[in-house]
Structure formats: C-alpha cells, structure tokens
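The structures come next, written out as structure tokens.
Okay, so subunit A shows up in both of these, paired with subunit B first and subunit C after.
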Partner chain A sequence: MKTLKHKSLPAYILLAPYFLLLLVFFLLPALTILPMSFTRWSLLDKPKFIGFQNYQKLLSDALFWKAVGNTFYYTVMVTALLTTLGLLLALLLNQNIKGRTLGRIFVIIPYVISSAAAGVVWKWMYNQNFGIINSYMRALKLPMLPFLTSTKWAMPSIVFMNAWWSVGFNTIIYLAALQGIPQEIFEAAEVDGANKLQVFRYITMPFLKPITLYVTVLCAANSFQMFDEAYMMTQGGPVGSTATLVFRIYNTAFEAFKFGEAAAISMLTMIFIVIMSLIQFKVSKRGG
Partner chain B sequence: MKRKLVFLVSMLVVFSMLFAACTPKPAEEPKTEAPAEEAPAVEPITITFWNGLGAPENVILGEMVNEFNKTNTDGITIEIIELDWGTLYSKIVLDFATGNAPDITTMHQTNLIQNQALGILQPVDALAKEVGLDFNDFVAAPLEGTLIDGEHYAIPLDMHPLGLFFNVEAFEAAGLDPAKPPKTGDEFIEYAKKLTIDEDGDGNPEQWGFGLGYSGGLPFRLWMSLLWQQGGKVLNDDATAAAFNTPEGIAALQFLHDLVYVHKVSPPGEQDPYDDFGRGLVAMLIEGPWGMGDFAEIEGLDFGTAMVPVAFDKPAAWGNSHTFAFPANNKPERSLAAMKFAKWMSDHNFEWSRDSGHQPVRKSVAESAEFKALEKWQPFAETVQYGYYYPATVKTAEVFGREPTSPFVLMMESVMLTENPDIAQAIAAAEAAVNEILASD
Partner chain C sequence: MKRNKLSRLLSYILLIMVIVFYAAPLAIVVTTSIKTDNQIMSQKFEWIPNPVTFDQYKIVFSRFPFLKWIRNSFVVTTGTVALVLLVSLPAGYAFARLDFKGKNLLFNLTLLTIMLPFVAYIPQLYLLMHYIGGMLNHFISLVIPLATSGVSIFLFRQFMAQIPKDLDDAALIDGCSSFQIFWKIILPLSKPAVVSVVIFTAIKSWNMLMWPLIAASKDNVKTLPVGLAVNVFAASSGNIRQQPYGVVMAAALVSIALPVTLFIILQKHFIQGIATTGLK
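Take a look at the complex of A and B:
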C-alpha cells in the first residue's frame, strides 16, 4: 500500500496544477450556474430568487425553440458529415498511394488555423455579390448563391466551412485507429479468401467502433456548443437562422445582462448534451 | 537513483515554470526620472482609457493620446485599451461589477442614460470646473444629451449624423454632375439607376448605384431617418412603448425594399456596403462621417459628400455623438487626471474633427474659418440641425442593438432579404419585441 502511494504521488503532483485550474476557473463557476438559473440578476444588482420563472419563460419562448432547432440541425449535419468524411479520408490516406504524406498534411492544415480566422476568410469567399465562389459560379454561368444571406443557405454554408476546417482532426484519429489494427488479421482474411467489402465490414468496422463512438460523441458535443463560426460569419443571422443555443446564452448574458436567464439556457443546453451523449452510448452498446 | 533524479528535475522544471508565471512583475521602475527632475512636485499617474472607436479613428485617437502623454506637464500617462463597441458596453458592466472599470471611456451619448441608471457613471460638473472646461463653448444638442437629472455625465467629443457619400468618377462616367448630388428621393433613384451598370448584360451589374446592405446598424438607421422625414416617431414620448408601427414606418421600409427589388439599384444581400463603396463596387453610400478618413486613404477613390436626400416631407437623418464618460471609482485624483485628458482632447476639437471626419462640438471650432474650409465636412455640419438621436431609454443597448438578434436588425433582415416580404408582419414583430424589452425590468 505504502509503495503504491509513493509511486502515484508524482502523478498526483503533476496533475495537481491542471485540476486546480480546472476547479477554480471551470468547475466552481459551472456549479454556480444552477443556483443562478433560479434568479433574476443583472450583475450589478443583487440576485433575486424567482423559482422556475426563467425556465417557464424559456419553454414558451419561440426564439429559444428556434435556437434549439438550429442547434440540433447544425449538430446532426456536422456530426454526420465529419464522421463519414473523416472515415473516408482516413481510409483513402491509409492506402499505399502516391502523395499520401502530402495528402495527410493537407487534410490537417486547415485545423491549424483558428476557427475565427477561418470564419473571416470564408465570410469573404461566401460574399453573395463579390465573393470568390460566386465569381466562379458567374464565370461558369451558374446561378450565384446567397450563401450567408438567406435563411435557407446560411446554416449549410457554416456546416460546410466547418467540415473543411475540422475534418482533419477526425481523419487523424481514424488514421491512427486504422494503423492500430493488427496486420495479421488482414493477412488471415486474405488467406481465407475474403473480398475487400467483407474485410471492411467484418474486420475494419468492428475495430473502429470504439473510436467511432469517441469521434461522434466528441463531435456532437462540440458542435452543440458552436459559437465562433456563427459569431464571425453571420452573427446569428440572417433573421436568426444561425443563432444557436450558445449564441443565445451570449446574447442574453452579455447584451441583455440577464444572467439568470442565460444560466437557465446553459442548464438546458447541458441537459440536451447529456441526453444526446447517453443515447449515443446506448446505441453503440446495442450495436455491439 | 537515476529515476529519482529525473523526477526531481522534472518537478523543479514544473515548479519553476509555475513560479515564473505567478511572480508579480516588479513594480514599475522609475524610468520617468528625467521629467521628474524638471517638475519634482509632480507624481506620475497612469490612467486607463477604454476606446470603442474602430479603424481608422482609433489610429488618430492613438496618435493624439501619444501627443498628450508626451506634452502634458502633470505626469499623466494615458494607457489606451482598444475594444469594439459591443465588447465595451458589455465589458464595462462586468468590469465595473468586479472593480476593474477604466478611469475614462468613450461612450455614445445615447448609451449614457443606461450606464448612468446602472450606477456605473459619475457626474462630471465639478471635475470639469476644476480643470477649467467651459460648457458655454459647447454646441447645445450634444451637451444637453449628456444631461441626466440636471447633471452632466460626460464630455462630448464629436457628432456624427448620416450623410451621402458618392463616387465622383462614377458620377462623371454616368454623365451626372458631382456638383449637383441628388436632393430628393426621386432624384436619388434616378441617379442610382444611371449608376447601376451591367456591361456584360448577365443580370449581375458590375457597379451598383447604391450600397445599403441588410444587416447591422446602417439599414435600420436609414429606415429611422426616413421615418423621421415623415414626422414619425420610434418610441412614444415617455419611451414606454414602440410608436413606429404606422403607415409612415411601413412606407419607409417599402422605400428601402424597392431600391433593391423594384428599382434594382442596390445589390440584394449585400454584406458590406462600406467596403463595397471603398472598392468602387457601389457608387453611393449613406454613412456616418467616420467613412471620411478611410475613403481619403484609398488611392484612386475620388468621393464627394452631400446631405441625406429628402425622400419624404422634411430633412432628417440619424445621428449620434461620441463622449468621454467617467466610471464612478471613488478615486478623485484618477478621475481628475482623466478629466485633464478629456479637456486636452476637447481643446483639440478641430484636430480631432479634421482627422477623424466627425463634426466638432465646440462652438468656437464649428464657427471657425479653418473648419469651414473643410469642404466635405459641410454637408454633415448642415445636417447637424436635422440630426435625430435614438430616443432616450435605459434599454438603449437592447432596443437599438446592432446584433442580428436585436429587434430592428431582425426587422430589416426579414424585409431586405426577401423579394416579397410581409412588411406589416415584420414591423409588428419588431413592435412586439421592443415593447417586451421596454416592459421588462
């Protein structure tokens, strides 16, 4: 026992700064959200306890439900796109093909850019009248698209930009997982006469399952909290079509100074994420 | 043994890094010894100043601050912190709550009432008197705008009503006389049509007559200007309810919508009219005088200015005023030093107006021959008398926000982005949203 304690001490000491910072700057503030959500508080006055009023107001607020809808729409699209695209790219880059290293580098490069910078660049590229994408469309005699200026197109445009920006992350994870599959199994399958599809279905897929769970849970939880892209590119517009839950938290807290209501949205957002992750775990367990 | 050593060394590295990060910086070294010798009685003081003005005005302001820092004999150093307006207005509430508010900050006149109501600002009459700033030399409207319950809460810096910017070369190419910019709504549409040029005939003009946009502050400020031109009101007289859902409000929206979809002189879904004017993609723009500095820097852009055309019954244009406000910090010596800086800026009101494009607020400057010689400034100077501000309400930031979740931005977006919008429904939605904000406590 004593030796065990002694051995793990350095680990605890090395982890301590991280946990201390996490506690002070993340965990404790996060815990205050719950009591805050039952108050009316403008930051400069004393918080006033109002029970469930914030929640009641939100549940009957059309703008809140619109934000919920926008958030789910974005999350489902981004998660589906990033998981499939990440897997496809990883499979491709795992082949013994020419230019593989270059391909791997190119896939990860956009992820190195900050999402805010990527947002600004894409905002220019998406410009309806004078952007580079539409000037190509025009040259090709195709209709010019209102990428960020129509309620229908704005969200898909952000999804596409996000896919370009962050697909590299999923690709790298899948690539690592693919390379972790023991080569002998593939060889054995080949000896047994399995075709490529069968190899993928019965060997690659099962091996990738835990990683797929990891990727989808992470991706869904991340995109559920999308903020910077919308903030940089559309500011939640046009007509609120890209205003997500986190965007509403920001607006409510830092523009309207309703910290109680913002805390209530935060709580509801957290509940959504927990439910979503639980479903994902359940589904993946049943599949296994 | 070796392991232990590695462990010890790594611990040392970690802790030394931690300590390096935590060690407080040594107190500022008295490098200012040279001036201290000249005036030994003066104690150096560093003042925090928040600036919400963006490019290019922030550069000019920065230069003036440097000049003040170098020349003042009171040992005052102004330290600028640059913020955009949206951040400034939320950060000041947060930082005031935690005791970190700046000693002095820029603020729009129409935001004073909200920040005063939140208890953030202190009255400035005594401070102004102490440094010898004479309120009698201030233009009436911007000075009165700083009055709350009989006390002044800020020092006006400038005024910025909307005006018409036009591209002189584009005018000449279209056979229009730059000396005769459009004065009425009909003239404006006629000019804009001539300035909309689709050379290759593909239905996408290479040059548009007018840059309007659909989001942010500009479109709804222009809509308000048109509402005011008809004698309409944004809020009722005691600012307790919306008053814009009227035939006048709808007519103003219809006028702007028609520019894009009927007369086809302004690009639909235009994201940045300001940039587009600078690049010559649109030939006319209605903006605040802050455009002047930027546009003058652009090589090959020859622009003229005029008053906002009168599309309805009488001249009216949205405007606002920048001020210096002083958060209540209970540190009189800091507030006094900050006020000395505000006085210096006010005494250099001509330089500020000349370099930033804004309108002066000191009577002596506005009436001076040297200001009247600034030709492009004069249409704005003439507009000042017709300049309308947002009606005063303690909910300024929410009612008149420029964010896409603000009521007026939502209204403009839902009208300007659709070819056949339900204007009555859009204006009713904005009315309901504004009333809800005004009714909430």
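Take a look at the complex of A and C:
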C-alpha cells in the first residue's frame, strides 16, 4: 500500500494543475445548477426557494417546447446535411484531378472563420432587398424570399448557412479516411470488373462506417448547442422560430435575469442530451 | 474509355461549382467592403464596384477601437493556448503512462467535462466569477473556460499511449524520474499532437462568441468577435434607413484576415492535424 501511494505521487503532481481548474471552474458551477433550479433569483435580491415552480412553468410554456423542437430540428438537419455533404465533397476532392488542392483550401477556409464574421456575411447575403441571393432572384424575375424574416424560412436558412461555414471539418476527416483505405483492394475490385457504384457500395462504404459514426456523434453534439448563428442573424426570431435551448438559457439568464429559471432549462437540456446519447448508442449498436 | 472521359469532365464541372460556392461569400465580403453606401443599396449586385472606395475601412478604424480588440484577442488566444498546454500535457502523460490510485475515477471526471457542454453551466460560471472571483472583465475569465475542457487531455492521452513503453523502461533503469521521462522523452515525441492542439485551441479561442459576450463587455478586454457582433454590427443595424453592410464587411474582413492567412500558410499541418488526431 505504501509503495503504491509513493508510486502515485508523481501522477498526482502532474494532474494537480488541471484538476484544480476542473474543481473550481467546472465541478463547482456544474453542481450548483440543480439547487439553483429550485429558486427564484434575479441577482438583485436573495435567491428564494420555490420548489418545482420553474419546471412547472417551463413544461407548460409553449415557447420552451418551441425551443426544444427547434433544437432537435436544427440538430437533425445540420447533422444530416454536414455528414452527407462532407462525404460527397471528400469523394470529389479525393479524385486525382487538377485543382483539387485549391478546392480543399476553399472548402476548409470557412471553418477557421468566426461565427460572428460568418453570421454577418450570411445575414448580408440573405438580406431581403439588397442581398446577393435576392438580387439575382429579382434579375431572374423569381419571387424574392424573406430568408431570415419569416418563421417558415428562418431556420432552414440558418441550417443551409452551415453547408458553407462548418462542413470543412467533416470533409477533412472523410478525406483522411478515404486515403486510409488500402489501394490494393480497389485494384483487385477493378480486375474483377466491379463498376464504380459497386466499388463505392461494397468497399468504400463499409470502410467509412466507423468514421461516419464518429462524425455524426460529433456533429450532433455540436449542433445541439447552437447559439451563435441565431444570436448573430435572427436574435432567436422571428417569433421564437430560431431560438434553441441554449439561446433560451442565455436569454433567460442574461436578458431577463431569471437565473433560477435558466438553471431549470439547463437541467432539462442535460436530460435531452442524455436521451440523445442513448438513442445514438442504440442506433450505433444496431448499425455496427 | 469514352465513359471515363465523361466522368472526368463531370468531376471538373463539380469541382468548379464547389470552388465558386465556397469562394463566393468571401468575394462578397471583399466587394462590399470597397463600395460606398449608395452602391451597396443598389438593386443589382455589382461584383466589381466602380468607383472603388476605402472609406469603410477608415470608418472601422476611426470609429471603433479595432486595434485594441485585435490586441485583446491576441492576449486571450495566447493565454488560452499556454494554459491549455500547461495543464493538459502533464495530465495527458499521467493518464497515458503512469499507474496510480483513482485513475479511472479521475479519467471519467475528465470525460464528463467533454460530455457536459460548457454552455449548460455558463450562468453558474458567470455567478461564480462575479461573486467570488471578481474576475469578470479581466483576461483571466476568458482564458479559463477552454482549459477546463478535457478534450486536449483526451487527445494527448491517446497520442502518448502509442509511444513504445520500452523507452520509459530504459530511462527508468538509467535512473530517470517520471518527470524527466515526461520532459525529455515523451514531450519531444508528442510534437504532432501539440501542433494540432495549439491550432484548434487557437481557432476556438480566437472565434469564441457567447462567453466573452457575457464575461468581457468592457473595451479594455473586449475581443474581436464581440466587437464585430455588438459594436459594429448590432449598433449600426439600429439605423433602419441605411444598410450598414459596408462598414460591417470591412470589419469582418479585418477580423478574419489573420486566421485565413495562417490557415493558407499552415494548411498542410492543419489538415494533418485533424486527420491524425481528430480521428481518435
């Protein structure tokens, strides 16, 4: 026992700086979410214990359920879009054609651009009167679309912007995976007379399966936390049509100063994350 | 043979469409930033404005403390990268190559920081820093959050676990301590993992929006994305008669110039970084 303790000491010293940070700036705030969710607290007065009132209020609040719906809609749409598009772009940019390096560079550049910059650029492109998309619509005598100002179009427009802004990461991962497939298998398939579609279906796809799972999980986890795009482009509007759960946490805490209610949203968000992880786990088990 | 040619042609057409789609928004930033406000409010979108003006850039630098925001973003990014390396490298090494009591518990705790999203406890972190630390509107409040995430530790652990154990054993026989093995053997061999952690932490830190929006509202600590979002963009959108996009695009271009240039210079490292460490 003594020897193990002695042996453990160097490890504890190496871990100490990180766990000090984790304890104070992760564990402490994370553990206060639950107790805080049972209070009413505006920062001006003392927190007041109100039991489950915050939860009762939220669960009967149409705007809250709207945010839940928006979050799941956005997560599913963005994950589907970025996984598919990432794979297609990687397949294209993996071919032995001239200009593919240039293609790779342009596809990945938006990934290093901040959400603030990407948000203003797309808000400008989506502008109803003078934005580039509608100015071509006008020139082609097509109806001009209220991209960010109608409840019908706002969320799909934010989803589509991600095809430009954040597909680069998935593309690189798929490119690396494609390059990791042993070349001999393709050559053997060619000798056996397999066509391109068969090669993709029976060789490329099975090889990419574990990577696809990884990309999907990562993409879903990231998009579930969407805030920046909504903050930059729509402020959650029109009529709450682009407000996500994280946007509601921000709004409730830092605009309405209802810290108790915001904590309750955080708790419910975490429950949704657990549910989502379980679904993904089930799906991946069945798929694998 | 003919079929092959056709599919090549199709690939080239697709490639050109892809390049146009991904380059167009960047081109729009550039052209809009060199237009006058009247040219911007034109029914037809002109790709090459006539005349060209640099007034929007003059406004950006004269009306806003833009240079200060750039400096602040530099300080925050450098500080974050330094702190992340300082705490994650030793921790990654301990998890990868040392045996100690409570290893599983501590590692699961590290994984928990990855699973529980930072945004879920932002209000609580804000209260903690406000009431106890008095850290808001100080650089320290912007540097800490990314360093509490266990992502880099996880990456370092995965990378360091692949280095052959024989190296440690040989060093132990020579009388090296764990610290010396870490410093002299493992650290130099972990350079690829360090490069990718530096790149990704720097991008995340440089682009962070929600937390600095809340924690650093004063100009002496305000970072570029917040300046762009709150001061340049939200403030000028209040004016309904005018489309503020000339100034906004000039500011956006200045704010993305550095990351985009660095990416183009370092693209090999960057792509390899995601490809080798992002996969694990």
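Simple rule for what comes next: the second predicted complex is superposed on the first by the 258 of 288 C-alpha atoms of A that agree within 3 Å, B and C clash if a C-alpha of one lies under 4 Å from a C-alpha of the other, contacts with A are read in each partner's own complex, and residues count from 1 in each chain.
Going forward, a contact is a pair of C-beta atoms (placed from the backbone, for glycine too) under 8 Å apart; a residue touches a chain by one contact, two chains touch by 3 or more.
Small disclaimer: the values here were computed from a predicted structure and weren't measured.
By the touch criterion defined above, A:Ala194 lies against neither subunit B nor subunit C after alignment on the C-alpha atoms of chain A.
Note on subunit A: of its two partners subunit C and subunit B, the one contacting more of its residues is C.
When the two complexes are overlaid on their common chain A, residue A:Pro146 makes contact with subunit B while staying clear of subunit C. In the superposed model, A:Phe254 lies in contact with both subunit B and subunit C.
When the two complexes are overlaid on their common chain A, residue A:Thr269 makes contact with subunit C while staying clear of subunit B.
In the overlay built on the shared chain, the residue A:Leu85 is in contact with neither subunit B nor subunit C.
Contact with subunit C, but none with subunit B, is seen for A:Val107 once the two complexes are overlaid on the shared chain.
Shared-chain residue A:Pro238: touches subunit B; no touch with subunit C.
Looking at the shared chain after the overlay, A:Phe227 reaches subunit C, while subunit B stays out of its contact range.
Contacts of A:Phe130 after superposition on the shared chain: both subunit B and subunit C are touched. According to the touch criterion, the shared surface of subunit A, contacted by subunit B in one complex and subunit C in the other, consists of residues 10, 13-14, 17, 127, 129-130, 138, 254.
Considering their complex, residues 7-8, 11-12, 14-15, 18-19, 21-26, 28-29, 32, 40-45, 86-88, 90-91, 93-94, 98-101, 103, 106, 109-110, 113, 115-117, 119-128, 144-145, 147-148, 150, 153, 177-179, 182, 203, 206-207, 209-210, 213-214, 224-226, 228-229, 233, 243, 245, 248-249, 252, 255-256, 259-260, 262-264, 267, 270-271, 274-276, 278-279 of subunit C touch subunit A. The residues of subunit B lying in touch with subunit A in their complex are 7, 10-11, 14, 18, 86, 90, 93-94, 96-97, 118-120, 202, 204, 208, 214-215, 267-272, 276, 279, 281, 397-398, 401, 403-405, 409-410, 413-414, 417. In the complex of the two chains, the subunit A residues touching subunit B come out as 10, 13-14, 17, 42-44, 63, 123, 127-130, 138, 144, 146, 148-151, 234-240, 243, 247-248, 251, 254-257. The touching residues of subunit A, when paired with subunit C in their complex, are 4-5, 7-8, 10-15, 17-19, 21-22, 24-30, 32-33, 36, 89, 92-93, 95, 97-100, 102-110, 112-117, 119-122, 124-125, 127, 129-130, 132, 135-136, 138-139, 164, 169, 172-173, 175-177, 179, 196, 211, 214, 221, 224-225, 227-228, 231-232, 246, 249-250, 253-254, 259, 262-263, 266, 269-270, 273, 277.
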